[in-house]
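The following pair of complexes shares a single chain, chain A, combined with chain B in the former and chain C in the latter.
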Partner chain A sequence: MSLEQFKDRNVGEQNYYQVDIADYPTTGWGKFKRAVDRTFKGELFVGLWVVMREMIKFDIHTVQYPKEKLPIGPRYRAVHEMLRLWESDTERCIGCGLCEKICISDCIRMDTRYDENSRKEVGEYSINLGRCIFCGYCAEVCPELAIVHGPRYENTSEQRAHYVTFEDMLTPIDVMKAGAQKEYPGFGAITPHEDERVQKTPLAY
Partner chain B sequence: MDTAFIIETIIKIVVILLVFSALAGFGTYFERKVLAFMQRRLGPMHVGPYGLLQIAADGVKLFTKEDIVPAGVVGPIFKIAPVITAATAFMAAAAIPFLPEFTLFGYTVHPIVADINVGILYILGVMAIGLYGPLLGGMASNNKYSLISAARGAAVFISYEVVTGLSLLAPMMMVGSLSLIDFNNYQAGGIGEWIIWSQPVAFILFWIAAFAETGRTPFHLIANDHEIIDGFGTEYSGMRWGLFFIGEYANMFFISFVMAIIFLGGFGDGTVLGAFALLGKVAFFFFFFLWTRAAWPDVRPDQLMWLCWKVLMPIAVLNIVITGIVMMF
Partner chain C sequence: MKDDLLEIQPLLDKFETTLLLRMMGDTPLVSVENEQLFTVVDFLKNKMDYSLLLDITAVDNLDISHPTSTRFELIYLFRHKEFSRILALKTAVADPDTGVESIVSLYEVADWLEREVWDQYGIVFQNHPTLKRILNHNEFVGHPMRKDYEITKGQYCTQTQDMMDEMKPLLDARGLEMERDELMILNLGPSHPASHGTIRTLVALDGETIRAGASEIGYLHRGFEKSCENHTYNQIIPYTDRLNYCSALMNNIAFAKTVEDMMGITLPDRGIFIRVILTELSRVIDHLVCLAAGLLDMGAQTNYWYLFNPRNNAYDFLSKLTGARLTNSYMRIGGMTHDLYEGWRADLDDVLKKVDSGIAQTLQMIQHNRIYNDRIQNVSPVSAEQAIAYGFTGPNLRASGVAYDLRFDKPYYYYDHFDFDLVVGSQGDTYDRMMVRFEEMLQSMRIITQAADEIPGGEINIADHRIVMPPKTAVYNTIEGMMNQFKLVYEGVKVPKGEYYGAFEAANGELGFYIVSDGSGTPYKVKVRAPSFVHMAAYPKIIENYQVADAIMTLGSLNIIAGEMDR
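For the complex of A and B:
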């Protein structure tokens, strides 16, 4: 199944119609007529035919999950990832602390310090996935597109508190060197044609 | 009574017991697969190729599960109830000819345990006793859903049993015997002589009653999972529950045999082709049990009683009267 098929749910294109339901009979004669009607109408055989048709068509819709997986949308919000800069392969995170501040379930904790060039860098950074509700605010608020949501939705943990650290989330350097880092098209990402929509700040109010 | 007869009978009993216990297991596999295909699913797929070993996995689970007897149950009755269901299901098989006579190593084998002259009466009677399993199990379980199930069982039981007996009366009048072998020989002339052509009403009535007898879907109200959990089976676990299950599926097979022999000519003239024809008819009836489960909704207990007492029983009585008049002139 391709992603297009998956996303196309055809909302509003079906032909809905009112089911024709007759009034409930009140008299004995009406009930009798209904019983006779239902007996000889052969509706039971319609039901039998419908299920037999599906069995013959053998159009199985089962996704055998561990072996097959449905595609997920690009805006899916699973475990976070930390991206690197394409130019220098260093991490994008500037340690501004906005994600920690905005996190509504208080699951991000970060420690920053000044490095030898007096630039801010991240010392400790961890996300408690047990608390995270995967709302996407951290990815949306990030000014550098550094923290994003990845597609990895299968997680297990022995405890409720399950931490990922900065190093776990950071794009591995060999993946980066191979140019295989996936850019994030979801929450907070720059939309296409952004340049055309940027307007100058009015100087005179 | 010579020793050879006793040995032969014991061998036949063991073979029937083993074959139909295994078939009950395969029945669950077929049921899951057929239901799944009809609902666009795949059914069991992981244990063995195409899930074929699912039966073995289920068997291991049932045998090794803890046998829980809950507090507050009436112990002896609670423990004996599943045995009643399974045992009576297999007891009913004693009077059913499963295959035509055949010769094995120069020895003529009659694939029927006991060709008694009250065969069909015995089968109906023993199958009726089988309803004591759900009834006693439900009442002894100390569970209100089981109690509802037992009450429904009793109500359903007295409703359909009338129809079963009355609908079979007309074919019995025509054949003049109660033995299933005689039923078979009566129709040995070929398709044209099947009782279904002369007694179509009795056939449909008995078929409907067979669904109530085995508690299959249109009349699955004794153990209706979505209304009363599992009815009489709620408090059972492990192999005791498994006995209920084996009894239910063996019953489905046996009632299919009875229908095929009484109405559809059985094994006909007794050739190999006839034997396969009998197995094919039984397979169709068994498949139909699964088919209706996928297609039809359940009826309420009061609807079943309405159907049995106000519709089916008058038709059955009329059928008997008309058959009698036709036979008289």
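For the complex of A and C:
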């Protein structure tokens, strides 16, 4: 199968770009000539020159990690957070179970019960971070904008199956009172231009 | 569609009594009798020029609602030598223990493909040279892809295999004997940086020269295809990230596109343009990794940093856009999760500039470098015929001088409107495989610039909220929005009943998904046509008679990605 055979296929205006390659020498003399050619052309020194150039530039790429951190984007998906309602400071999660259902790695466990006013409330809620793949689906499906991804990406634990519970994730009440809760702009967030409309989380139910 | 039917007319004429024909998307699907399979395949290859065997897989009809004649069916996918046409062949397997005739003698690539089917479904291929397990380990009992095998039943492996059952026939065929010829057995891998993943290749060495080789794969097998069968279509997308993890987004896109084609939906133009930009950026990243790692194997560490730094910039861009650096999970059936952010163009241009300068610096250092050229020129060349027989696709096939690229042969996503060149090599040696990738990156960047210039405004997702999630405001404020949201989560995207094969030009070659749907929100079966799997099958053959150090370079230049190969 030669190149010509393929060339006359109808692929529009485009051209073929053939990787430039000289014929390989087959004779001993040819090989010798090529070796001499390559040796004395001085291209080997290009590499040395590059090293020298970089050395005197002092352009250091290493990030001094714990002291210095790379910025992460606002959409970044790190450990989950649970948000509170702006109006009443109570948690947004209504225990609908969508996040548990969609979770690809089956790492969300929750159960719900009736509280004293016969309203549904979330009892246990935990995410097994040893299994979580940080895909963002839970945040995407949550109808209440309750579960979101926060920016905290440094975690340590004594064992793989490290759980975060509802209380760990929930915005602390003092932060909430100070009005410092942040909305998440990434997976499942409302689109930017709708900000005005959902400035306050609706409480029509 | 009519042309496709015309094309296969000779086949119908010859075997008219046994063939049954229907269309699978725009691919003709022909069913043949079990006994006739070999003759039909022979005819297809020799008389009708279906020279590239893409994939072999099986379907277990145990759970399917419509009545079928047998429990197991085999599907063979062929590509015509002019590349734009595919033909699918289906045969019912009466008894898996008797199975069907092996076609290894016609297509070399069938070797591993048939082994996989046997391993996963337990269908025997008569006269197959070494019908043994490939993805699952050698102590595995049962066949995991059968519908009555429970997904939770993982099995532990406690013993390694010495692989001499594969090595011995190879040595015999070459008239070699371990003792007499003073051969030495050496393991390349599985856990060695030079094996670029967990891949084990057993070689018989005569001095430094490899006389015979056999590969063992499956170290990273995690049952992707089995997992697909109990997740909804959208839930599979994070899994596809982990196929070819060097270009995760591309796998997202390929899968989403296949399902969308199956459902007959097309994205709005803006969505398509975003996909094109991201596909090509992923291709650049993939090639950067391949080349950087290849050069590092050669000791060219400076170049490694010149190629890896811009890759890091590209990942920063992706992280800002999609929320994760590597496992993006950005696509959804019918669109994607976010639109581009403010200021994306400046970031993208910056990435492109850096990639461009990284490539330029690297080429400046290596293009005429004696070590670089002497070490990889004329190493493990694969001729065009061989490459097709091995089932190569993508840059590895183009390096052998075969101008096959789906973006040209069957353009999708407006690829025919972009101005870029098809890169081909001539010898198919390691040098060509690497240089083709260098040039392809430049071509991809041309596409990105054009697409970014022309990107239209408007929606990124289709408007049907039975397929894509409704906006959050609709979920809050309307009952329909809320219902759509719940239905989509609980039932998933409903894909019409049927089967489909979708091909996509991924960084490594033709990435195909063969999907069978039973009409519900969960696929009945998903099979990935993974280019790396096919390339790996050829690897032990093409390193023969080259030295150990050459074999490392060859592995690097084939760009074997274990995640995609082992699935």
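In this section, the second predicted complex is superposed on the first by the 170 of 205 C-alpha atoms of A that agree within 3 Å, B and C clash if a C-alpha of one lies under 4 Å from a C-alpha of the other, contacts with A are read in each partner's own complex, and residues count from 1 in each chain.
We adopt the following convention: contacts are C-beta pairs under 8 Å (C-beta built on N, C-alpha and C of every residue); 3 or more make two chains touch, one makes a residue touch a chain.
In this text, all values refer to a predicted model and were calculated from it rather than measured experimentally.
Colleague: If you tally the residues of chain A touched by each partner, is the higher count for chain B or for chain C?
Modeller: Greater contact footprint in residues on chain A: C.
Colleague: With both complexes superposed on chain A, which partner does A:V141 reach: first (chain B), second (chain C), both or neither?
Modeller: Only chain C; A:V141 stays clear of chain B.
Colleague: Contacts for A:G47 in the overlay, against chain B (first) and chain C (second): which applies, first, second, both or neither?
Modeller: Once the two structures are laid over each other on A, A:G47 reaches both partners.
Colleague: Would you sort A:F58 into first (chain B), second (chain C), both or neither based on which partner it touches?
Modeller: first
Colleague: Check the residue A:L98 against both partner chains and state whether it touches chain B (first), chain C (second), both, or neither.
Modeller: The second partner, chain C, only.
Colleague: Scan A:Y76 for contacts with chain B and chain C and give back first, second, both or neither.
Modeller: It touches chain C, and chain B stays clear.
Colleague: If I apply the document's touch criterion, which positions on chain A are contacted by chain B in one structure and by chain C in the other?
Modeller: 35, 44, 47, 50-51, 61
Colleague: Using the touch rule from the top, collect the residues of chain C that touch chain A in their complex.
Modeller: Listed in rising order, the residues of chain C that touch chain A are 81-82, 231, 234-235, 238-239, 302, 309, 316, 319-324, 327, 329, 337-339, 341, 361, 364-365, 367-371, 373-374, 377-378, 384-385, 388, 399, 401-404, 408-409, 416, 419-427, 431-432, 435-436, 439, 443, 469, 471-473, 475-477, 482, 485-486, 488-490.
Colleague: For chain B, which residues count as touching chain A in their complex?
Modeller: So the residues of chain B in touch with chain A come to 34, 37-42, 45, 291-292, 294-296, 311.
Colleague: Once bound in the complex, which stretches of chain A touch chain C?
Modeller: Of all residues in chain A, those touching chain C are 1-3, 6-7, 9, 11-19, 21, 24, 35, 38-39, 41, 43-44, 46-47, 50-51, 61, 70, 72-73, 75-77, 98, 101-102, 104, 133-137, 140-141, 143, 145, 149, 186-191, 194, 197-198, 202.
Colleague: Which residues of chain A touch chain B in their complex?
Modeller: So the residues of chain A touching chain B come out as 35, 44, 47-48, 50-52, 54-55, 58-62, 64.
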